[in-house]
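Letters are used for the chains, namely A, B and C, taken in the order the chains are written, and counting of residues starts over at 1 for each.
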């Protein structure tokens, strides 16, 4: 479809409703390395120019990392096959989805030792926007029934075994990138993440449709946390977290200290600041979809996150309001549980089990709102989900 | 010798009895990357077509792994220079040497952290047929005299420093691949594995001739375990392990439970199954060669393993008869000792020492038997080695 | 300036006093891979032929390591961008700067697990001449305030984010290679090493000008140890360490045993030998520059090290006189502190702090002396710095 094809912009969709290319596939021993497709190739009638590029990064701890750059004509984001198919950052209009981590390079997993610093090594490569925690387990490091777990699990440092790029003309022109990441060990997890990340051409939206599959002949525990992280311009003094809260409890004594303004952001703090986490169950609409929002200080920008409670029944708000230049950030984190150690989560009934060869699905959509009117409208929609008073605990969920 | 050379098949062997190519050599800063040789190149008179290829794997945790594919005209097997020159799998006739691990990709060592899971990280990449444990140490993880050892040591996740492919016309046409793997640390092991893997053209046999060399100016302990793993079709309900047992003891209380049928296979078990290990010393022939066999359920197929007791005086049978799809497997493991922690092995007198710059040799040959008659004949040969009653202990070797 | 330019050797320096090329730069996603420049290209009038080459190593644990080979016409040395921009070895005249480690390959960081052997994994890749310990911390492994530190820190196993090669005509023709290495973690160090390594054309000198920068918005501790290691021909029975010692104390009871001849070398010892470390503060000249020397057994060769005490106020002499073939070596190690665990160093007031976005500078120059006369003259200069009796402690600095 390249080059000479001329189509009226009102032409009916062609029969060719989906075009795709396999970029990486362990089964075919395939890795295209450098690759690029654009609207000129796959969607020449489009007035909006879009493209998808596979690139290899160089220098420092980035050496050899493969990145998939998606530009839908309005929003640009970078998916990282080498790092569990996570999304490092996104830009649209004047909004950046991401934050200023001390970790500026997209580090290759070969430079990340998850067992470093007593199991906190995940933080040595932590700097992305939508980093995933899981999928065998996630949460705090430490002993679970004889096994020393590392912070947030393996998936964020496991390279994708399959990467496919597709374009769907219907129902609206949409770019889809699909990744498969296998987390497998003998006498350990044997799980598969299949993640479809889609974005309508010309939109300020990104959508995750994920599936976790048990590859084993026996039931297995699993876990998934969308560790979605925001700095400026959405975060700052006066920013607000808005959510239809059903229950909320602080994670620990440190979080108790901040209960009064738990959903408000105070701006960068001093060097003594330590993180605070708030643990919530949310209300949803009739379809089981809940929504939360991070609203910018001036109320003219926001990121709205929509997700199904069936897939992500628990929500964690991570506030890390230390000084600028130390990783000032907040995390909005829907997931299968809270980020305690799995042993605590299991005791709390928040570790789901997949039957043999069964799959669990979850979705997450992020929409950028770029005017005060859009933000106010979305906020009203979220507030409408608040059908009862929130039940707020002033003591930690787990003593 | 490529292409146009025509030789009568009955021609006497040429003077050129051996041809070879150096594929990888750290001393010459050489790595050919992609390379292939075939009988057309080196043995054009051969009626049996054979080939050897060096390839690079792509996708997932395989990215960048180099594999040497050997096809002797009847048997195909894959040697992995990037993974300690182990053999990932082999196929001949309708027999597969290998098993269905949850780990399906040949993971690059950069994705394997041996210290993961409290020292069990070796299992994160465990899925091959003849994986080697050693060579500084092997066996259970844990403290040995102040050093926390990891399961089965470093060699299986160390890349080869030299890889050479040779063809020998005499005494029979044989393909030989040689690898050198250095396991060296300051204030730690400094040992070299030199492994020659050979296979006669058109045969269903593979032979390992190995040498471990002390690179240091002082005596050093070492260890070598041929961790040779089998699934279907040789393993299954009704399969049998046949060996000329001199002594045998269970590894622990769990193995004691299975003493009655310790050499029989019951087929895939339930989710509660945990592994059983039986520890044996064997009888040998006049040349010091012992033999064992894994016989398929219907008795028409078998793998016979022959090895010198001087190099491998101890034998471990690892039974892991859990459910299908969880790594149903048995390991037939000749070695310098048993897979207890080295501290236990040293106390038991099973940790050999190499004098300065000395070498130890060991051999292992695996022959596939593909008819009931062949199997019965080989079984009789093994049984003939049983020159006295086995001494069977009903209590664990180490309390 | 390549090729046809002809200049009289006495021509005045051109306006083009510095030429440079960026080889690796994470900001520009640049890595030239293979690259070479020579005096014919950048300095065609030079009677001394020099060159700088960027190469990739192959085989074993070297696979993929990038090395910068500098040949100034007299001295050759190898800088390793993949390994924290350290210097693996140097050769000039008949002197080798380096030693015979059991680790002969320049191992890629992906094969080094710093947490191996209870935090001693740094030793698994230890074999270079000027290896750097730091820069978040260095010294003995073990718990520091809840964080388990690994031996000698991360910088030696972190790849450079920027590598630049320059040639300066003035004040004397000099080759300069510059590296930037970032050591950054969330909730951990965020420090940058900028190291300029320079060598005048035709000289037997190499100079390090280093800067460590705090990338954070808050004060941070840091540490730097020039772990500079020598074997034959400078080290051997009868070699001497010469320094203007102000104070000296043994590290531990083992070092106390060797107090009598602490600055003399006895030659390779027996298998029971264990290392000895002596901790010193030195005198300096009016500019704050101190000097030490390792003098060869016959007194005809030496390496002189000059460094500013402001950057490196503490000096450690590491003696490891075990048997040949086990890593017979001595380390001359100026640094910000001594190689105890950071918790000990902090208690001793030897852990410096950098204010937000501040930098600390340090310099180290190594000159090779190649005649008895040169050696004697340099020794006299060092002895002239000894303006008072050394204060020698016979008990360990830290009980």
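Rule of thumb we're sticking to: contacts are C-beta pairs under 8 Å (C-beta built on N, C-alpha and C of every residue); 3 or more make two chains touch, one makes a residue touch a chain.
It should be emphasised that the depicted structure is a prediction, and the values quoted were computed from it without experimental measurement.
Viewed as a network of touching protein chains, the structure reduces to a complete graph with every chain in contact with every other.
Because chain A and chain C share one sequence, their contact can be compared position by position; here under half of the interface residue numbers appear on both sides. When the CA atoms of chain A are superposed on those of chain B, the rotation angle is 120 degrees to the nearest 5. Note: centroid distance chain A to chain C, computed from Cα atoms, is 43 Å. Looking at chain A, one finds that residues 110, 113, 115 touch two or more other chains.
On the side of chain B, the complex with chain A involves touching residues 55, 57-63, 101-105, 110-111, 113, 115-118, 120, 123-124, 126-127, 268, 271, 322-327.
Residues of chain C touching chain A in their complex: 24-27, 29-31, 109-110, 113-115, 146-148, 150, 158-162, 181-182, 184-188, 190, 215-219, 356-357.
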